[in-house]
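Dropping the structures in below, format is structure tokens.
Look at the two complexes coming up: subunit A is in both, with subunit B in one and subunit C in the other.
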Partner chain A sequence: MRWITARRRHPAAGYAIVLLTLVAIGLGYAALTGAGSPASASAPAPGQQQIARGQEIFARNCASCHGLEAQGTAVAPSLIGVGAAAVDFQVSTGRMPAAEQGPENVRKPPVLDTSQTLEVAGYIASLAGGPAIPSPEQVSTAGADVAVGQELFIANCAQCHNFVGAGGALTYGKFAPALTQATPTQIYEAMLTGPEAMPVFNDTTMTPMNKRDIIAYVTATRTEANPGGFSLGRIGPVTEGLVAFLGLLLFMVVAALWITAKQGKPREHE
Partner chain B sequence: MANRALDGVGGFLDDRFRGAKSFRTLFKKIFPDHWTFLLGEIALYCFIILLLTGTFLTFFFQPSMTDVIYHGSYTHLDGIRMSEAYASTLNISFDVRGGLLMRQIHHWAADLFMAAIFAHMLRIFFTGAYRKPREVNWLIGIVLLTLGMLEGLFGYSLPDDLLSGAGLRILEGVMQSIPIVGTYLAFFLFGGAFPGHLIIPRLYILHVLLIPGLILALITAHLFIMFHQKHTQMPGKGRTDKNVVGAPLYPYFMAKTGAFFFFTFAALALASTFAQINPVWLYGPYTPVAMSAGSQPDFYMGMLEGALRVMVPWEWNVAGHTFSFNVFLPALLPLGIIFTAAALWPFIEQWITGDKREHHVNDRPRNAPTRTALGMAVITFYGVLWLEGANDIIADHLNIALYTTTRIAQVSMFVAPVLAYIITKRICLGLQRKDLHLLEHGVETGIIRQMPSGEFIEITRPVSEEEQAKLAFPARPPGLPAPDSADENGIPAPGTRGAIGKVRARLNTILTESVELPGSNGHTNGHGADGSGQAQDEPEHAAVPAGGVPDGSQEIAPGAGQADSGSSGDDAPDQ
Partner chain C sequence: MSETNGHGELPDETPDETPAGPHRVIGTPPPAEARTLLGGREPDGDRPAPRELPADPADLRKAKVAERLVAACFIVAMLAGIGFIAAYIGLEVHSVDAVLRSNLALGTSLSVAFLGLAFGATIWVRHLMPEVEITEARKPLASPAEDRAAFAETFTEGADASQFAKRPLLRRTLIAATLPIAVAPIVLLRDMGPLPGTSLRHTVWRKGLRLVEDVSNTPIRPADFSSPGGMITVIPEGYQDDDDALAKAATIIIKFAPGELQHPTVLNWTVDGIVAYSKICTHVGCPVSLYEQTTHHILCPCHQSTFNAPKGAQVIFGPAARPLPQLPITTDAEGYLVAQSDFHEPVGPSFWERG
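Moving on to the complex of A and B:
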């Protein structure tokens, strides 16, 4: 980690990342498409076999709630047209398959592995299209502007996720989670699909470039040092007030007790 | 030896300045040694530190709302449009040597300043130190607290970051909610529509000049009055309304208080080194279109924030005018009532008890059960609203639904203070009974002895003189004449007539409820517990070092309180 931090501003860093990304795409592409089927612009188009496997996994894990044809039931919405991005976001963050019924589905360790996820995503996408899983270049932060990202984040996301993405409460027991774990792909997918209470930021309201700026801001802020000392959670003045009382005032009271504990010979006056 | 030198210095100063009181006496002034007496000092030292660090900040801070494009060393905001005020705060934080440390000391000092004022004020209240002749200083204290809140709010608004702008927005909303004149007031303050270009320069002058000036003047008055009236003291052996027992200013108290200043400074320096406060660079520059989750004011404004959050939506539309009670009432009522009631309290209490005596020995909180209970009720009310001010943070981190926290606050702001009152009063009365037991039966030693008859008894030892002086109950105020009671000429005593007299008598019963010493009811049982400091009340006993004549002139002769308290005997001990 240190190693990366120290070198991420190196003039060659940008190129290195692009190169690495390209290699990763190539390998991923080869692994996923297998027999070299034609690819769409962003995500590899799944073959019939994969769709069939996806449908199988879906029937086992998801159909109980979403219906056998993903048409939706009383307990869960239809998935027709939500696209591969929604499935990838929901499944890779562990939200789906949903566990107990809370006010909101929370992030947990994913149940399906990556290839299974992509297969289900392919199956859902084959039903009625929808937003595709973003490619690694689409979520790459190379060349993205953190400052613009900060401005956009404050204007569009901070009211729910707090100024650095530390999370915040919403109404009716819902909350906007802390953005400390989401991968660049998941951040992109969250904006694209708007899970639960979160609005959709499609490519007209927020251009793909701006999405990358936001990803750059969110990921850079996580590792940003706190020049002033411990961060106190970066959730604003509430923790500062706690420290003022439980730290500073308490310390001073102990000091006062100590200083007055040693009494000289008492004297009287007037 | 030391004394000779001291006299020398004092004499030198006296020869040159001829103070109203000689410097020699000043050096020998006695300060009581109780830790709660240092709470106010924390505030004083914080203020000094605020003046120093604040002055440093003025060298670099630009109180201007002119737009600039930032190109400083904080690259995460490079190329962003912001106000000069915000840009200069970034510069202080990242480009001025020691600037961030100074900013942090300034802000931590502001927090500790307010926390210490709160604590100091509660100490004064719960020990009854505000009583005659110190009512004026109590009032000054309340003005200081209010000014401190304003000063903090304005300072918090200066950097023009997202949270400070949100605070100003609320300030504007609150001003606008004042019926009829509200919109004009807000318009004048902001010099036009929100946010305008004037508010930061205006707040700046208020923050660095006017309010610190007022605070300084009032602190000076506060200290002079305190100095002139002398400290109160907690009850103890040899402490009476006519003396002050403690350590002389020189050398004891000077050393202690000097050390205490450095403690304050060290605490602030440590906090500012290790704990980040108000990281404005993370909040970003203020824009009216943005808002962040967890936008909160500093803690001393948190109660007001909570009051706004707890309020139900309630608006009137009368002839095209909107009366937004949903903002107006919560913003002004709860704190307004608390502050007004606090300001009037010494006088209300005097009127209810009819106690016009001077008090220089404080009450232990348990010995004024009703006052203590009232204080706890107010603290609870304040505390509920305070927590509600942070309800989103609480909801998020304790996994409670947001509206549930508000519901809880809406109910508990009424219920909890009542419970706090009842519980505190019971605790106080219980503690008093325990004290009474100690005075009457001595301290249980834990040694059990078997009597020849086979009976087991526990050995007790009588309380020592020191303990007794501390435990002994204060002289109760002279009782009020019964309502509508007439003297032998058939003329009712003043203040006891009619409905008001009845109310007053009723309040008196409530306020003076207390466990009574058996001695004061006439059936002295020889334990001597009734002489609450009788032995110490002899004026000759006050071996005054430097020819000081007691100037806390007493209206009531020593012991008169006891004699009178029997007459109020409305609540005999119920045991």
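Moving on to the complex of A and C:
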């Protein structure tokens, strides 16, 4: 306490407190919004028993919004025909079960584990088919062409998800999420099913090979170096320019103050 | 000394204080602090005599510290400068990552070198040089009268000697000789052309030209592009390497569920709920393809112009003034999507002659 008392009127004390508070807020925010662990799924082979268990899990976790027969309600869409891929994407990314009604469901640690997810997916698929969960071979990037993937990504995905998959804003609070945590399976499923506002890129339009090229590009961007140590959100010249502008502006103001400040010693003519 | 005569008054309104001195502006040092650079040019009795610079700073110990600090800054700058040369010679630039590393090293070393110089110079000025403010009297801008008279005389003499006025043939041929050279720059403006003519009104789309997917260049059957909520960028077949053509012809196709498409979308120009719109924003020409399949909004990333896809891409928000032009499409004998014709209105932003 005496240490603080002795120094609290120091000229730098105010700045130190502001800085400490900012750091504390930043760390707290980072801790609260921390990333969940991505879940992976393997190809399902749902038997009758699995489907029954899936229906049970559905009734407990999903039916309050989507209806007991997955027929949809005023607050949630029908799931008939969306397929196992859509269920696996939504549940394995933690978007479903949704925490609340809002413009966008955000990624969070999944509520259901992998086998439960597959059981619900099997139940939904048993209602009216739909896109299946891709197998690990289907999403493998072995032999995929990153360069073609980049062209495809820039032509079809970058407008919303940013050139390196950093995400971007849409309208009315919706946004295209960053692709930094999505697993290859989840990327494939998102293209296949078009979750939320995302358009659908079905296999006959965007071929499975093209999808693997895109997955290869998205995963390759994650290992790109960030020279200088700062990615600045990887959203390109906007943040870089802002940081350079504000940083240099502050530096120049401080430099100008320093250069033109009166010197401490008394002036001779007075 | 006077601290008040900074309101545009003439200096001779306060003759008792500064009878012949220049008018003083607020913020400039009063004459007592100033030392004229051109000492002795004008021995004015009312001005303070030019002062000598103080020989040494007041505190010699502080000055020594400052000197060492300045020297340290300069040594850092020198080392950083050597580092810049070393980085330029030593660092590889054969891959993107290597170039990024090289740029980082070059930029950092050069910044440190310049900052070291700047900090050193500033500390030098602030802590070692005496703090004296210096003013320099401004000289009159006009030349002296005798110089001007001499110039006029020389000019008249030269004109007479050349007989420019007496010999009209020489005068006129000389003017004729320089005229084409003078006009030449205006003629060179021709290189800014040719005028665009009607090219802004047309794209390469024409009857029967297939829509192919961008990048993969594969034609599209309506049965393949069958998932409602699908959206993809298409280009005219055979033009994938023609950037001039693609700049205007880039198009998006969107698949709708039956019954979703409404007036003013021209339904005769659609195939099975597939509608084609120009990808070029009608505001300033950015590529519009942020398509939200839940709201059916097409969003422009540049200025957030928002178009209502099922209703003829009408503008519902933002600075764009017109809907996205709709490309009439149909299918050919093999079942692939083709254009019925070009766009029926100019694509992209407004231009002067658009009307």
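Of note:
In this section, the second predicted complex is superposed on the first by the 212 of 270 C-alpha atoms of A that agree within 3 Å, B and C clash if a C-alpha of one lies under 4 Å from a C-alpha of the other, contacts with A are read in each partner's own complex, and residues count from 1 in each chain.
Just so it is clear, contacts are C-beta pairs under 8 Å (C-beta built on N, C-alpha and C of every residue); 3 or more make two chains touch, one makes a residue touch a chain.
None of the values given here were measured: they were computed from a predicted structure.
With both structures placed on the common chain, the touch criterion links A:P109 to neither subunit B nor subunit C.
In the superposition on chain A, contact is made by A:A225 with subunit C only, not with subunit B.
Counting the residues of subunit A touched by each of subunit B and subunit C gives the higher count for B.
Legend: residue contacts after superposition of the two complexes on their common chain; A:L248 is shown touching subunit B, with no touch to subunit C. Within the superposed three-chain model, A:L152 lies in touch with subunit C and out of touch with subunit B [touch as defined at top]. Of the two partner chains, subunit B is the only one touched by A:R234; subunit C is not.
Once the two complexes are laid over each other on the shared chain, residue contacts for A:T204 go to subunit C alone; subunit B is not touched. Once the two complexes are laid over each other on the shared chain, residue contacts for A:E196 go to subunit C alone; subunit B is not touched. The contact surfaces that subunit B and subunit C form on subunit A in the two complexes overlap at residues 148, 151, 155, 159-160, 168, 170-172, 176, 224, 227-228, 255, 259, 263, 267-269. On the subunit C side of its complex with subunit A, the touching residues are 32-33, 54, 58-59, 97, 100-101, 103-104, 118, 122, 125-127, 131, 213-216, 220, 223-233, 254-255, 287, 289-295, 297, 299, 301, 304, 306, 317. Those residues of subunit A whose C-beta lies close enough to touch subunit C in the complex are 148, 151-152, 155-156, 159-160, 168, 170-172, 174, 176, 194, 196-202, 204-207, 210, 224-225, 227-228, 255, 258-259, 263, 265, 267-269.
Looking at the complex, you find that subunit B touches subunit A at residues 28-30, 33-39, 42, 75-80, 93-94, 100, 104, 108, 111-112, 114-116, 119, 162-163, 230, 238, 243-248, 252, 256, 259-260, 263-264, 267-268, 271-279, 282-284, 287, 289-299, 302, 390-393, 395-396, 400-404, 542-546, 548-551. Per the touch definition, subunit A reaches subunit B in the complex via residues 103, 145-148, 150-151, 154-155, 158-164, 166-173, 175-176, 217, 220-221, 224, 226-232, 234-238, 240-241, 243-245, 247-249, 251-253, 255-257, 259-260, 263-264, 266-270.
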